[in-house]
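Two complexes are shown next, each including chain A; its partner changes from chain B in the first to chain C in the second.
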Partner chain A sequence: MQKNSNLENVLRGVAITAIILFFMFPILWIFLMSFQTNETILRVPPSPFFEPTLTNYRSLISGKLEGSTATLEIAFMSNLYNSLFLSVTSVTVGLILGVPAAYAFARLKFRGSEDIAFTLLSFRFAPPLLVLLPLTIYFQQIGLADTYGGLIWVYQLIVLPLILWIVRGYFEDIPADIEYAYRIAGHSFWATFRKIALPLAGPGIAAAGLLAFIFAWNNFIFALVLASADKQPVTVGALAFITASGINYGQIAAGIMLSIAPTFALALYAQRYLVEGLSLGAVKG
Partner chain B sequence: MATSTTGDPSRRKFTINKKYLPYLLSLPALLTCIGILIPFFTAVAYSLQRYRLSQPWAQKYNWGENYINFMTDPSFWNTLKVSMTYAFVTVGVELLLGLGIALLLQKRTRFNNFVSIMLLMPLMTAPALASLMWKLMTNPGFGVLSYFAETIGIEDMRWASDPSTAMLTVVIVDVWVYTPFIMILLLAGLRSLPRQPFEAAELDAVPRLFVFWRITLPMLTPFLLTATLFRVIESIQQFDIIYAMTQGGPGDTLTVFQVEAYLNFFQSTNVGRSAALLMILWAITYFLSNIFIKNWLRLREKARGGA
Partner chain C sequence: MYEKEKKLAKSYIDGKVSRRSMLRGMASMGVTASTAGVLVNAAATQALAQNGFDWKKYSGTTVKLLLNQHPYADAMIANLDNFKELTGMDVEYDIFPEDVYFDKVTAALSSGSSEYDAFMTGAYMTWTYGPAGWIDDLNEYIGDDSKTNPDYNWEDMLEGVRKSCAWNGQPGGALGSDDAKQWCIPWGYEQNNLTYNSRMFNEAGLTVPTNIDELASTAAEAKAKLNGVYGIGVRGSRSWATIHPGFLSAYANFGQKDLNVSDDGMLSAAMNTDVSRNMHEKWVKMIQDSGAPDWSTHTWYQAGTDLGAGKSAMIFDADILGYFMNGGDNAEAGNLSFAPFAANPEAKAPTPNIWIWSLAMANASKQKDATWYFLQWASGPEHALFGATEMDFVNPVRKSVWADAGFRSRLDKNYPGYVEMHDISAPGAQIYFTAQPLFFDLTTEWAATLQKMVANEVPVDEGLDQLAQSVDRQLKEAGLG
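Here is the complex of A and B:
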């Protein structure tokens, strides 16, 4: 360690500073922008010093944007609610469907299990539009067009493979002997699953659920194609912002901050599982 | 082998309905996915049809015509070129940058861990929202980056709205969002490497550059390969960043596969061409994901066994 020369330490410091600057600056800048009015945002040269104001957040939350000429109604809070509702329900459905399946794939090697598991995994890598475009036509025919149910079903495309593959890994980590012992003591298969396997894989299931939530929250293309204005999550809703007239830039910035805050919080909370989840269990964190 | 044969009969004894149980447990998940397979086959059929939403009565099979037309269609070749360029440049830059950062943060210090957690934030930002953030920063009127460009002598930089810098702009956003992904994968890889070769090299005072090329890099290759394939598969399908930034424009500068297919479907209502484009994209990703899954399985085996 003493081999590190002074020059090298300086270079290292410069590199790390540059990296932090590049990756953190946009978040910081938009954060600052969200507390400004158009007057200070449009100043030349731009400056990080200004008198902060909460008006942007206040008008987003109340849904009324006070323009110079008229008051504009904006549905940002309902976008936020849609994001929350769609993500929570799709993850719940994903867990209900995925956890028993993951257990089956981990414990009971049955005929075709690997093939089925791979088919499920390959959904993760197929172009989403390939499925979405025909669905727009089908959904109209079967009455799922523009319903939460239809969206939640399509969201399984991202949620289910993630849950299945992460949770399967956690089940495989539990020594099967514990479960055998419990079975020999006279408990049913179902009781073993509920009382032994589920609690032991609990942290893994929670991590998979959190990650799936982040992916569902950040999804853009599904809702862009399938959801109408009143079902849109923030990712799609915020985009409409920038083209809408009469909206202040500070309000767009505030909208972005409110939309990314939940995933940031969850990521911080679940950071221990992020590596494993993002690589579908290929790399242990 | 011997252990598994002695284990089997005892297991069979107390799982009476063993035969149907796994199917029963995975059935709901399978049904959901079969529901997704149907539209996939529909897309295959569409790609073999002349089908325009504006002329539904003229819908009929023209078999390979959509695909044959691509051969002489300059806009298809443009799509292919733009998608390949995008995937190649983004993943290339992200790989180099991600590896560099991972090496810088390799040592487990409190500071390094803090930095690596901070760097996760861009990855947790929805790509569409990330585009929006960069759009606010590159606005010609008040964008802070436009101002920076001007101070270093680049007059009137128009970022995503200028054909000559549009690709650069979306690549920067992609690099901003996804470099942390490669970084954390490689960081986990680096930290999982066995220590002995490095200790031996240090004892022998082997030059560090030599250690990097001959020990670190070869041992890191499976991780590099996984990260690269993962990213190439995603990057060649990129939609969110490009659509949110420019909707494929200006002109056809950024009409990558999924953006072009989306525009074909919703703007020119040409379902047949849209589906054929997606089928070609699917073939590319299917080929890549097969290699990926094989490599990923090996790594997963090692992660489980070696931990």
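Here is the complex of A and C:
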């Protein structure tokens, strides 16, 4: 094994520090902002030294925002709950539907399979606004407008193609011979899928699920158009701090910290799968 | 609960005790000023219930509103129980942040949804919603004695504001003409005038500018004398909202129009006249010399935040933006003053172009008469006075509220110069744009041209000629020119 010289180690350390600073500085600054009032945030010149306050978090959690002229009712925590509920259930439904479908597209070559797979992928091509107005009308006719069920269904436009196409690639990368060997040993098709294919594609499924979760979490337009105020996700709710009577930067920063927490925690937890999953197949010979 | 307090409030409404005595009495009973306001309005609402109008006609009905997150909506919600008690109706509402509000409105209206019976809108938006058949002409309700209570007093609305919400649907048609349809009811409005930081003005020995040349020179002087402060805040983003506040108010003051309307109703660009060129040159130079360094990104929010944080010496923008910045936890709260502004030295008075938050009725609503009950209450004199005196429902659109001594003294006390500014500029306050369906496209292009001029990408006269050509072409393509 080749040993690095001291100079190389130092340079590497400097480069890593610079990269971490570059990427983490905005998040660090937002973190610091979340403990400040508007007055200290907006002072000239800006300073990293201040007397920290928990007011921003307190007002977000209590739902009462002291505005410049009056107390404002905000529903940030229910927005956060909506985001969590919509993203988790959409990804769960997406995985339940998408993983078996991906396996079928990877293993079973049937007539029209590519056409169906591309049709599903094309959901990602359509600009959301193009499909939303017709969807609004249909949803009103069939009673799905302003329901969580309707939203979870529409969220499949985001998560299903993503899961399907990513997971399909992982299934294709698993040598079919392993599955055939298991089948020859007398196991059923379903058992082979469950015991062999699923565990082997596990990191890929985790990576696809995580990406789908992030896409679902960041979605903005579907709930805005299709649902009323009580079902809005955090992406819409966060805009409530930009008011006619001023921008509440402190609450925005606290809101960002709270809203990135679930994806951040999930990404940290699933980092190993994510890296493993995304690099799987990248080095095949 | 609150029986004694209610009696005291009723005595005040009946004129038996003064406002000051009433408030002192309430305070002695441990009632806060805002609760006292709600109680006073409850008494006023009871008086309203006795005006012979059948307020309970739609008792048990629920109307649903789509609201923008705004102090006007807050004021209405604070007073909503009185409406429910008066009518026996229920009101549900959805509130969306302003950033996405009009997307939500457009989606709801264009899909023909009957979910929302009424909603907040700007008058400019009704130039799209009205001809598309998405909203109702409210004249048929206002003029119908069986539907409108006798104390509604439509004529009490400021004339320029009322007329600015009415249009006959003909491109170029005059606002408020005899054949105009009342697409919306004005609720609260903004004039564009000067809000300046009197602390900074005193410190730098500046005087309040009274025309565009003085505005530019005062802004330059402020920038030179005050460390790290820029002279004048005006909006600059590539949006129609850059044109409509200070800029169009100044432009109209020079007697300039956005579009010409020929006798046969055809429209053509009117912004490349000599007077317009001259005004544009002054405006562009003022921004280059003393505007915000990142002017081209400035919207309502940046213009206001910088003024409140002490980064700018003054703004030529909505008066209520200055009003909001003079309170709360803004660093300069309490230091801001207000002044009317006529850009043209030869003009007799200011001509503020206005933004009007209004209420409109969705055409798809299935309970229009009941919805009108809500609209007439929410835009009625009692709620206007409650909102203006107890909440931040400014600027009121009713003359009676502006005549109210309590309201005037409240403003005078905390917002120096505000009442005088309003009184001087209100007669000339109206929408100065030509009503036509390409409004948003053409004004956005105008803002983009201003950006190019300020960035020295194009000289002012050449930029205006290019803009006029483009406007004419678009009008022709749309069959309007």
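The rule is simple: the second predicted complex is superposed on the first by the 222 of 285 C-alpha atoms of A that agree within 3 Å, B and C clash if a C-alpha of one lies under 4 Å from a C-alpha of the other, contacts with A are read in each partner's own complex, and residues count from 1 in each chain.
The rule is short, and it goes like this: contacts are C-beta pairs under 8 Å (C-beta built on N, C-alpha and C of every residue); 3 or more make two chains touch, one makes a residue touch a chain.
Remember, predicted model here, so these are calculated numbers, not experimental data.
More residues of chain A are touched by B (comparison of chain B with chain C). By the touch criterion defined above, A:A15 reaches chain B but does not reach chain C.
In the superposition on chain A, A:V236 makes contact with both chain B and chain C.
By the touch criterion stated above, A:L97 is placed in contact with chain B alone, chain C being left untouched. Once the two complexes are overlaid on the shared chain, A:I27 sits against chain B while remaining clear of chain C.
In the superposition on chain A, A:I252 makes contact with chain B only, while chain C stays out of contact range. Legend: residue contacts after superposition of the two complexes on their common chain; A:A267 is shown touching chain B, with no touch to chain C. Of the two partner chains placed by superposition, only chain B is touched by A:L164; chain C is not.
42-44, 132-133, 137, 224-225, 236, 239, 242 are the residues of chain A that lie in the contact sets of both chain B and chain C, per the superposition on chain A.
Residues of chain B touching chain A in their complex: 10-11, 14-15, 17-18, 21-23, 25-26, 28-30, 32-33, 35-36, 38-40, 42-43, 46, 100-101, 104, 115, 117-130, 132-137, 139, 141-142, 144, 147, 176, 179-181, 184-185, 187-189, 192, 223, 226, 230, 233, 237, 239-240, 243-244, 257-258, 261-262, 265, 271, 274-275, 278-279, 281-282, 285-286, 288-289, 292-293, 296, 299-300, 303-304, 307. On the side of chain C, the complex with chain A involves touching residues 69-71, 74, 94-100, 103-104, 107, 110-113, 115, 228, 300-301, 304-305, 308-311, 320-321, 324-325, 327-331, 333, 391-392.
The touching residues of chain A, when paired with chain B in their complex, are 12, 15-16, 19-20, 22-24, 26-27, 29-30, 33, 41-46, 96-98, 100-101, 103-105, 108, 110, 113, 116, 118-123, 125-135, 137-138, 153-154, 156-157, 160, 164, 169, 172-173, 180, 183-184, 189, 214, 217-221, 224-225, 234-236, 238-239, 241-242, 249, 252-253, 256, 259-260, 263-264, 266-268, 271, 274-275, 278-285. On the side of chain A, the complex with chain C involves touching residues 37-39, 42-44, 67-70, 72, 132-133, 136-137, 140, 145-146, 224-225, 228-230, 232, 236, 239-240, 242-247.
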